[in-house]
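To keep things simple, chains are lettered A, B, C, D and E as they appear, and every chain counts its residues starting from 1.
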């Protein structure tokens, strides 16, 4: 009941303050992080522990570490963060395409699923730190290897969610599509993909942060540059405030990527959100 | 699977031969259809009535090739139906869930036409006409979940109509619309049937509707279903909501079918048993 | 495809799923045997499957191995249980209250991509080098998987079902139990399967990098010693644990989701 | 730290009746270098000093240094450059004893390997090539740079790549790197099928180079001088035994590693000596500054024992 | 929210005051209800008819507290309805989706009773009786997806009936059942209404049904909805399928309402306009 009430108040408020919507959204985005950061600031203010430096120290080194150099192109931000982001995007893109394609295939064919599932589960359970050296054997130590590692890690949530999304398609819709003999590509684009899209999007959302994590892990091996590489270097050389700065950067990267993601999925799933909302007050 | 010749001269005869269907899922197996055999001639309009839970939807799904029969077979134009055949359109009972929520009304109607490779201009024309015929002109760009129940049902009907099928299967397609709209839609389907010479199997609960529409009414027994009686409707080719319904023959058929369904509901499984009960 | 199995699927019931799965594994083993044997890769660095399995058999005959396996499974199970409970409870609470959902969204997105490996020093400082540190990594990594899935599941509740519950004035707990949870379950099952693998990965990684016990510890020692076949043997153990976990998850799913189209349309062949 | 690790040596014989044994935990790495301390524990050298030592394995500094600072471990094992870097970043560590030394000759227990058919003949040839090291900006690359510089090459022109020792033989064989700085036992694994060493970088840096050391936290060192003293004394005894009898070292390795017997026979052991080398510390601190590992001179006075 | 006194003497008067509802979701805002004001006295049986897409479902959802009105308000027993009030049962138009697929038929019916803290023995009795009343005895342990459309709808009706509400809102509850079953269910609802003195608002497309059931029939205009006419049905308290329907007054009302709906469909928005058209 209380949830119902709050849902009502929220929806009423948002309809009333349409103009203030953007402001409200921004407040919502920054409020909790600000609270947590303040707590961190206060809690660490007098810390003498080298692993837990005061937040002020971390922020103090942040700009210098990432954005100070003779030219902007020489900053760590350009030399380390940008290549990392590029590799994430490439790996994530590969995972998205492969995960959805494989997921649709596996999700719609029971036999294929039974055949492949144990093997896939086998690989899924192998820790990337031991998998990476094997990839190095096959692919060398260039960016392809790193992109592959990211892709292999990102693919699982997308694959699993796609498989389950496809399996869970509304049977009435499937029958309708069959009755009108929708086949091949059109069945895929008009029935399977949109029907499974809420779940595919969930998987893709999961994969986003996994991509960032695996970026770090992949750069721990045979790395030369990158955000993850920098963080590990800072950690090894006990430059702890700089390391925390890197971790914060990872978090910011996650937030930015998820905001972009949200904008894109709001378009893809506009029917879904509309449909969910249509009966919840119709506003 | 069937010849795809257009126009009235299609050969889509439906033959149902000792059809049986038992659902075996969770729990006890449920025998929905015991044994059904009948033929729907090419271009014939047949209505199916029977008590709720009899097996009408099961029958229709089997005819559509959406459900594999347990025994017997369904043949369309001589070939066994084991997948939805060419040139068939279906309106399912769950009209709401049979519309694609990610497509607008117009897109929902257009989609099967695309699959049928109807040229774009003709497609738009068909969509527009079909939506206008079900009084949904102006709602093209809405999504199904922005429509009332009756409007959703009319979209499903428009989709089937725009498809210009050779075989049309409809499962209680007018259940959610008001009486006036219902009459209009009945006439729409009759017109479609006449114009295209399409073979129609139409499931309904409204006995008046069945008699008004059909050339033959199949009355089913309760579950497990057998054919109680195959009633021929001799009301001529031209029908009119006011005139036809006030016909004496109409009233007679109506009472007859009504009593049959009542008997079926009470458990009658043969004409003999049914007539005993009244 | 339809209520009772399509004609195309009619050939399927002949072969039971487990046999197909076994065939899949066998195919993988043959590939792993052939790749080094055909010289596609130096067998010194990736030994043929037969050698790896021999090393595994040898290792499996020692008590050390079983103690390590038990330790790994225990750490994994505790970690997974914690993230599962936390993820489900928080997911349902946050998911059902739009304000909370919006309020926490950015923080969740901020915290999710922080890799557990970066937290190792902190974990060690706070919790030492024992199981607790590994658990922290495990929970931190796998919690998000469950949370995100549950959040999506809670959102997916059919508006009609939820209206029905509201109109009969189900109390919040009843609504969660009878409407929200069943809808969320398919999502949560996927979350469980994702989290189970991530938890296993982090357990092994934690053992590998921090505590040096369990299968991860054995793996690290084999690696540091250049014992390639043993190392891959432990990798295979990790993989097999994953397969077992999945079998359990699927088994649970068949029982818990019997009503869901994904399950009910499949058993009805 | 629950010691479920099988390799944990038992010190039960003495522990049960002499209750005044001080429990001490030491964080070590599962490599050849720490063989003496395993030996010492097994031989009871530490008990003689009143210490009940538990050895905890860890992957490296990321786990050991925090554990020592937080007091979970009393002592730890690390290479000297890492200790210098920690000191540079104000981590309060104190070295207590030497760990391992370079053998000072050919063969050493670590060197830069290239494939047999490589055109790299001397350290100077490494300039412009890709060289794998286990950790960037640490003892490996700084000593290699120094060796290259001394051989007349340009030390700034080496393309170092980070890679775990276990993965190096494969990467070298596959041609993914031109050269790899490898320590035992992986060096032997790489050399056996056809590779050679072009630079014994430790030896070339300094024949008496101290590679690693045992350390504790400054807190612990100042409040428990007697424990530190006893620990160092026991280590000394351990080192003596290890240097006098390579056979016992080979045996003790079996208790905490999984090295192939063939490799074990062929590999070179480091030199074990307890004398702490302040010269090495000074040299490595210089190299760290010279090659940009740190920006300012390292004040390592607090680190010295 | 409302008093929860049981029995016939409840005070659940529904007051609808200048109610308006505009959907503002995607696309253009859609004004479903323009302005509606009427009162349903405690214990009264009111039917609502109107063309498809008029706003009947919208009205019912608003009465149920499931949808917030854009303007005006709904009061039940004096208190403003802003959430589903106590002692109310609803049968939604989308009967199929309103059943929980993870619960059996019996569990679906029982769940609201549990929530109402009905003691276990009484609960089982209520469930059994309600299912028997809709001819579903024997299907207790099936799951909704194992039922035909009509059977699903009857489960939803049984759930509302077993609940013994003080206010009963039904949205085309008999759309998917056969004629015979429909009659039985109509009588079931009438009996329930009499026994419990419950206030009923019943949306239907079947004009005969509306007149047969109701004491008043509200005829709505097309969208945006206003009240076209509030027709009082003077057919006495005791009704019988055969007798009542053959009444002259029944026939008169039927024609009258039918013409109103027809006029509404053609766009009439006031009684004046409506009467002009025939």
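Operating definition for what follows: a residue touches a chain if its C-beta (ideal position, glycine included) is under 8 Å from a C-beta of that chain, and two chains touch if they have at least 3 such contacts.
Keep in mind it's a predicted model, so treat the numbers as computed, not measured.
Using CA-based centroids throughout, the chain positioned farthest away from subunit B is D. Looking at contacts between chains, the pair that accounts for the most C-beta pairs is A-C. Taking the mean of the C-alpha atoms as each chain's centre, subunit D and subunit E sit 83 Å apart. One finds 39 Å separating the Cα centroids of subunit A and subunit D.
Here the CA centre of subunit B is 28 Å from the CA centre of subunit E. Counting partner chains per residue, subunit C has residues 1-3, 42, 45, 121-122, 125, 160, 163, 166, 169, 171, 208-209, 223, 231, 260, 264 touching two or more of them.
Each of residues 23, 25-26, 66, 83, 94, 97, 143 in subunit E touches at least two other chains.
For subunit D, the set of residues touching two or more other chains reads 62, 65-66, 69, 164, 166, 170, 174. All chain pairs that touch, listed by label, are A-B, A-C, A-D, A-E, B-C, B-E, C-D, C-E. Within the complex formed with subunit B, the residues of subunit A that make contact are 170, 172-173, 175-176, 178-183, 186, 190-191, 194-195, 197, 271-272, 274-275, 278-279.
Residues of subunit C that touch subunit A in their complex: 1-3, 9, 12, 15, 17-18, 20-25, 27-28, 41-42, 45-46, 96-99, 102-107, 109-118, 121-122, 125, 141, 144-145, 148-149, 152, 155-156, 159-160, 162-163, 166, 169, 171-172, 175, 186-187, 189-190, 193-194, 197, 200-202, 204-205, 208-209, 216, 219, 223, 231, 235, 238-243, 245-246, 260-262, 265-266. The residues of subunit B lying in touch with subunit E in their complex are 23, 25-27, 30, 49-57, 93-94, 96-97, 141-143, 146-151, 154, 172, 175-182, 205-207, 258, 261-262, 265.
Considering their complex, residues 1-8, 10, 258, 264, 267-268 of subunit C touch subunit B. Residue ranges of subunit C in contact with subunit E, taken from their complex: 158, 160-161, 163-164, 166-171, 174, 178-179, 182, 259-260, 264.
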